[in-house]
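Each structure below is given as structure tokens.
In the two assemblies presented below, chain A is common to both, partnered first by chain B and then by chain C.
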Partner chain A sequence: MNNIDGSDRHLKTEEAPPPSLLTIVLDTNPHAWAHLSSTLSLSAALANILIFINAHLASGNTNEVAVIASHSHKTSYLYPTKTPSQPTRNGDTNGDVEMNGNGTGRSHQESPNKYRPFAVVESTILQNFAKLLNETNESHLAATPTTLIGGALSLALTYISKSTLQHAPVTSGTENSMAALADAENVHVDRVALTSRILIVSVSGDLANQYIPVMNSIFAAQRKKIPIDILKLAGDTVLLQQASDATGGVYMKPERPEGLLQYLMMAFLPDATARASLVIPSAGGVDFRAACFCHRKVVDVGFVCSVCLSIFCEPNLPDNLCLTCGSYLSLRAALTNPPALIPKKKKKKRKAGTDTATPGGSTPAGSSTPVHP
Partner chain B sequence: MSSAAAQYKKKNGTLSVSTDGKTVSWEGEGPGLGIAIADIGNLQQTPATAAKASIKIVVVDTSAQAGNHTFTFTSAAARDDQQMIRGLLQKGIEAAKAQETPAVTPAVATPSGDGGGASGAITMAKTVAASAQQDEDMYADAKLLSDLELQMSLLNSSPALRQRFDRALGEKPASVTMGQFSNQFWSTRLNLLRSHAAEKSQTTGSYNVLSVIKSKNVNGTLMLNLTKEQIEVVFRQHPIVKTAYNETVPPLSEGEFWERFFHSRLFKKLKGERIPDDYITDARLDKYLKYDENADAAQQMLVGTIPLFINIEGNEQNHSQQKGNRQDWTMVPSSNEKAPILRVLNRMSEKLMKDVPLADNHHAPAGQDEDTYKELLLRDLQRASDDNRVVLKVQDQSRFFSAGQSLQSSTSAAAYTKRTPSEVLSILQQDFASINTNSRTPGTDLHSKIAVNDDSDSEDESSVPKKSRVGSRAGRAAATTQIIVAIEKRHLHEDEYPSAKGVLNSEQAAKLGISETILDNLTMTHNTTVEFLHYFWDVYHSGNPERANEVAKLIETLDRSLDRISAVAHAAEAERNAQIEEFQRRNELYTQQTGKKRRFNPDAVKGGASAVAQIMQPLKRAIDAARSQYQSALNEQLAQAAPSNGL
Partner chain C sequence: MSAPSSSQALEYLQGLPLQTHRRLYEAPATVLAVFRCMLPHLAKTLVMAMLYMPASFPESQLNAWFKPGATREKSHALFVLAQLHILDTTREDDGKRTHSLSPGFKRSLRHALEGSGRDGSFGVSATAEESRGERRVSVEYLDEYAKAQWETILFYMVGGAAGVDVKSEIGAGTKKLLHTGDLVRTFHGQPRITKEGFTFVLQETNAQVWNLLIVYLRMVNDLGMNETDVLSFLFMLGSLELGQAYSTSTLTATQLQMLDDLSAMGIVFRSTKDARVFYPTRLATTLTSESGGLNTSGSSNSSSTSSASQGFIIIETNYRLYAYTNSLIQIAIISLFCKLQHRFPNLISGKLTKESVHKAVSQGITSSQIISYLTTYAHPQMQKNKTFIPPTVMDQIRLWEYEGERVETENGYLMREFSTQAEYKDVKKYAEECGVLKWSSDEKRMFFISHVEQVSAYLKSKKGPR
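Up next, the complex of A and B:
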């Protein structure tokens, strides 16, 4: 057909790397940041993260970013600002449309020395964070030493899911390409699906009480092929390490948190597309052990409820009922026998008799076990 | 059932061991003999050097067959027979012992034996019960473990498993008997045995026989090879051929009939080929052409036994002819003369499927009973269907943590208590104020905030005690180092499954700096050691005092595994030393030739014992864990046992 009318009817596919959405879950637990303030202050960390975000936005025209704060009493979007109802969204350019001319709060001032998208992200994050900090009062802090990581993860996943849908509307492939062939005037570009990842900048420990919601989020991310990267600045938790391992993300626990920017840039900047051809810096040795639900001990060998998969560190449950879901759960059968290492006198004699008489069993039994009188 | 020709009391006969490993029996001239293996008290055989290969079974006094029975193997391969029977008996004896069932099962006596009518009847009853049960128990653990033939055939079908078996067999300590070993080996692989047994029990069904029979051209004449079985299948699949055969063969000879049949129109029709108009006719066979092909359709159809799911015929609303339309062309019956092959193939398939037993033949034909109806019901579509999901009542998690969750307990929480919440808030707000300059200044100066200054490289050297700053050169360098180390580590571990990822063994070996043979050696050693670790924990946790000696033996074996690992390490070290020497020799040569010296760092040569130690470290840890746990448990039990023994 091309030869007949001289037109070029090839389908154009975008050759640039696919758009990438970076969702940062920033653990803003005030306790932890106050504790860290001598080595790495929150403001410095925020500045470093902002630069990291800029780097991410700069590495692709279509890249997007979302920042979610996981605070001690609530989780909230730092960027983009949640607007009550915006009539239209015009899509996929840096995501900065959210802020265009909406009247919530002060509008940022144009700086002649700053690339505008960067400035927009920066001022939005700072504004929203200031708001979050002002809302926090002492009773919130006294209530818990940790952060709502489970909620923040779910929020991140829902945001990713929404953006993915908005980005690549479901089309049936063949129809689309046929339409493109027919309509030669307009250049059709096959839309490339959004690749997303989650980066959790975590400073709090004690996440075991959110085991179930976090695990559910991990499995959801695994299904959607969304890597969860972990930057663990303080406090350790088995849970998040498992999150990165299960989803193929990067786990980093900096020895020198002062080099934060370097960690961010080196380990976390490549998106899923780039990572396919890189060796990602995840040191092996993931601690797969789980925390038991009854005493929050990290256990080597545990007992698992067959209904709700709760983990217990000892087989003696009250009334043989699972503590979490209340179903009947008897763990007696799961016990292993205590090892018996000394042969019984009487039995041994008989056994020894057959052993020597049986051709092949030439070694006298019990030669290696010292048996005291 | 394994058997061998053997003489008993100077009479010829066959000695056989039953497949379930429970009985051994001899049948031949004179009265037969049956011995329950559980009753065997002792087993003796002539040494391998003796002229006669015989085996002596000593039966304990409580049995009906008490006394000594000597069997002399008479076949040409007498020695092999002896070994086989002995192996089976040993295995059976061990299985019987392991079960620890009180050995009161009466000896299986042949009716003519001296066991007496009563006990014979009992055994008969038992066997019947057993055979009924056999189907369900076919995949039972004990049965799989005692099935030597199954194990052999699995080994033969899987070279990798065979290799592992042979290797482990070769390295097993002499104190572990063959029976113990094979029991242990297979007890960790019951799943393999089970799947193999299932696989073996599958048989191929019947096939379209006419398409298989092909004529061959031999010396210019067409030859047909027809086996008896094939003829049988032809008759079964095509009753018309049977009729034709019955009616025509007395005048014709059998050979003639088949010859004519395979050239007849009937044959072509049955095969579904189109019959050319000028095809040769056969007065005798052509009359069968008009047979009613649907005559046996009714009994072939499975439809009768398949319960109706959705009755499309009952759907009258979309009956297009009622609206005056012509029938859809797909619904119009067409004559099958055009493409008979489709019809023939379909009918053939139906016939073949008919022979396959239904998986769920408990259904009553067509008319549905209540259960079937319920089973087929589309419950999801019911308007008011009950929610039959199991409700998971997850109770509030924090309840369990309330004790440990307060601010005071956990380590990080304890650190937080140094500050009151108000202090925490003020620290944060102050800190945040430094970055969140108010709206009148345009933006934040991120550059100054992150304090990365590449121009000042003397900052950290000049003032050592200064507290490390965020973004300092040292901090960034440390970060780089940490990441690079992590990347290198990951790179080395990347191909944990070399074969799965398509990475060649040689590449892996080169990465580690050891030769391929040593890597292979390591892999083998690792495999067998893991095997023994399996056995160890298996026996250790059995809690059976009778197996205490086995545990001790297995600990010895694990010790020997450590020796094997160090032997490989030595080999690797020797290899590395040779490499270093080679380098040095070349350097000297270079110095002699050019007069210049070249620097050489022996540490740069990878591999050697350290590389082996690095790879084997987890395995060593596993062995050490096993040994230390064994030692501590043993000491504890010895301490407990000592006073009671002293009394």
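Up next, the complex of A and C:
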């Protein structure tokens, strides 16, 4: 009888976890991969990542994935890609609806051993990746030894933002509620909020020259509560460590890059729902050093503009103006007084009444409120 | 939302013996479907973490991986994995327990993810030569076909009780299936729906399909069919592509026999009895995904997305009910527990009264069934409320039912005669973590659980080390 009582008016509990969008930023910097080729080649890494993507898609029926390549001269989507005049398919939820990315869906050989949604994602990624590599020529490689991680990050954030909007639950619109009442077919009530995360598979070091864009992306991600996971296969950057630390993501720098798949499966596959009950690996000590705005060098001690908080590594600014905000900033004064660590004077045990210079401090313990002259 | 519709399938799978599981896990498609649809979320994470692990996973490390507050979730995940025989737990020489995936499951899941299998378990597309002479079948046509077939079955069930005189003809095999599953009984030559039948009708389409298929699975041994073959084929159907023709050449004799039965239900489509290709319909391809198959309330709008549940029922706190539907089946179902008053081209209106609910209860429908039906098909406007149905209505339906019956029964096991209070406490706590504890009495030192396997294994393992 008890459960007639109002306490049992439970809502249907949503047991299924919310759909999860995994955005992978793959660092495809040819210089770094060439350096790493003895232990883990790029093709092997890509094969491992494809399996990881399949595992992610299999983990939830509504899970989605996006892959962005951060190359040496440009960043581009590997999946999903725009395919004009492609009929969208209704039954398939494992993918973006508008940018379905199965331009090759019908043409490629159907394998009876492969789950179709997996095959579609894989072939698209491989095709776009091959296209990206073919477009790269020597002048691109000679221009820079590093990768455009800042651009890729912001691309990932914009994609996530767009997908989140598409998945947002319908708000109770009052303007045409009567239309919605009669037209139940066109109202999508089953949309659940999307949880997103970014995984950066990074191989390049020395990203300090992109300090500002990367830092801005990190703060944007922090604000949107998007964890940035870092898998650091080679090189070391202060920046990415900070990214995972600030956004609450996973940071891993594997000792043995050849075991990439196991690292991915164990540490990076759990989504937000699973992470609630798991202990996730993170960077032990985070290097919080910043890069200066003038030469993009990582500095231990620098100079900070008092107006816009820009960081500079040396005091010789042109015209004594801040490079970022243009306000007057004379750092010479700071130079004449080099910041030095002054050893703290050993506090002597003060005897009550001996130090009369500071009236407040001279109050003997237990006395009443000091009376100021 | 995937949980409710496939939970019966999970229950059925959990009841299967080890040998059947072993044979089932030979096919990558089956393993993938089980992984995607049956496992709790944390169990998926566990499986994936262990999939490419070179050695087995020591229990101490597993415990370290979980946060201290998550023991309940962990136990539940391990419980399901152990029941499905996915996880093997062995004791090392030094007394430590280690977990590993069962080899067959591991191999097949790897094949599924890598696409490296050799057995074509994801369906062999029909070759050009095989599909010659077959007309191309559009997705819309398949949807229509599936809908028509499935609604005929539902009509056959509700027709008699609702007083709607519809002489719908369904195949002898399907009829037998419905009778075997005790969804329908024959009174005076007329099919009469049973309590189980009502539960069935009130579910979402996807859950209905699974329900019927499970009845089918229970029957297959009598028909001399191979249970494993049947299950593998069902899971394969779930991973096929809608609108694509598939070859029948690689199917076993059992599976060919199944094709006939399934096409009668509208789950697959074949143009003729001995066609060499078959088309899975939406009922089949959504078997292992959460979006419900067909939209029964919808009008001719077949191109609309097959979103999980199209709500169309509005209930007011004065017990008035409005349903935006023109589907005869839905009207028939609603009329089972509601006094209908008006009918318009796209709308019916009625009132929930004490008499109408009593009538439903006397026919074997329970209040929770009515409420779950109303909740499932609640109109989007209603779904914005905290509880979809007004609380007063919900309570009143329950009260009306409780006027008649007051006892619910559940099968399970009573655990008693614990020697010490500590032992009792410990085992009870474990049972609670597994989510099988139903009732307990600390004074009498006994408790009641719904499933005994995991708890008895726990008791054994406790005895072991001492």
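Of note:
Here is the rule we use: the second predicted complex is superposed on the first by the 254 of 373 C-alpha atoms of A that agree within 3 Å, B and C clash if a C-alpha of one lies under 4 Å from a C-alpha of the other, contacts with A are read in each partner's own complex, and residues count from 1 in each chain.
The definition used in the following text is that a residue touches a chain if its C-beta (ideal position, glycine included) is under 8 Å from a C-beta of that chain, and two chains touch if they have at least 3 such contacts.
All values reported here derive from a predicted model rather than from experimental measurement.
In the superposed model, more residues of chain A are touched by B than by the other of chain B and chain C.
Once chain A of one complex is fitted onto chain A of the other, the partner contacts of A:Ala119 extend to both chain B and chain C.
When the two complexes are overlaid on their common chain A, residue A:Pro17 makes contact with chain C while staying clear of chain B. In the superposition on chain A, contact of A:Leu309 is made with neither chain B nor chain C.
Of the two partner chains placed by superposition, only chain B is touched by A:Gly326; chain C is not. Using the contact criterion defined above for the overlaid structures, shared-chain residue A:Ala234 touches chain B, although it does not reach chain C.
After overlaying the two complexes on the shared chain, residue contacts for A:Ser277 are found with chain C alone; chain B is out of touch. Contact with chain C, but none with chain B, is seen for A:Leu269 once the two complexes are overlaid on the shared chain. Applying the stated contact rule after C-alpha superposition, one finds that A:Ala55 touches chain C and leaves chain B untouched. Judged by the document's definition of touching, chain A residues 51, 110-114, 119, 122, 261-262, 266, 279 lie at the interface with chain B and also at the interface with chain C. Put simply, chain A touches chain C in their complex at residues 1, 3-4, 6, 9, 11-12, 14-17, 51, 54-55, 58-62, 89-91, 93, 110-116, 118-119, 122, 170, 172, 177, 180-182, 184-190, 261-262, 265-266, 269-270, 273-274, 276-279. Every residue of chain C that touches chain A in the complex is listed here, in rising order: 1-4, 28-29, 32, 35-37, 41-42, 44-45, 48-49, 51-54, 64-67, 69-70, 73-74, 111-125, 239-242, 250, 282, 285-286, 289-291, 297-298, 301, 304-312, 324, 346, 375, 379-381, 383-384, 386-388, 391, 394-395, 398-399, 402, 406.
Put simply, chain B touches chain A in their complex at residues 41-45, 86, 90, 93, 97, 174-175, 177-179, 390, 392-395, 397-398, 400-401, 404-405, 407, 410-413, 415-416, 418-425, 427-429, 431-432, 434-436, 439-444, 446, 449-452, 468-472, 474-480, 482-487, 489-491, 493-494, 540-549, 551-553, 555-556, 630, 633-634, 637-638, 641-642, 645-646. Chain A meets chain B in the complex at residues 30-35, 37, 39-44, 46-48, 50-51, 106, 108-114, 119, 122-123, 126, 129-130, 133, 136-142, 144-146, 204-206, 208-212, 234-235, 252, 254-256, 258-263, 266-267, 279-284, 293-296, 307-308, 323-326, 336-344, 347-348, 351, 354-355, 357-363, 365-370, 372-373.
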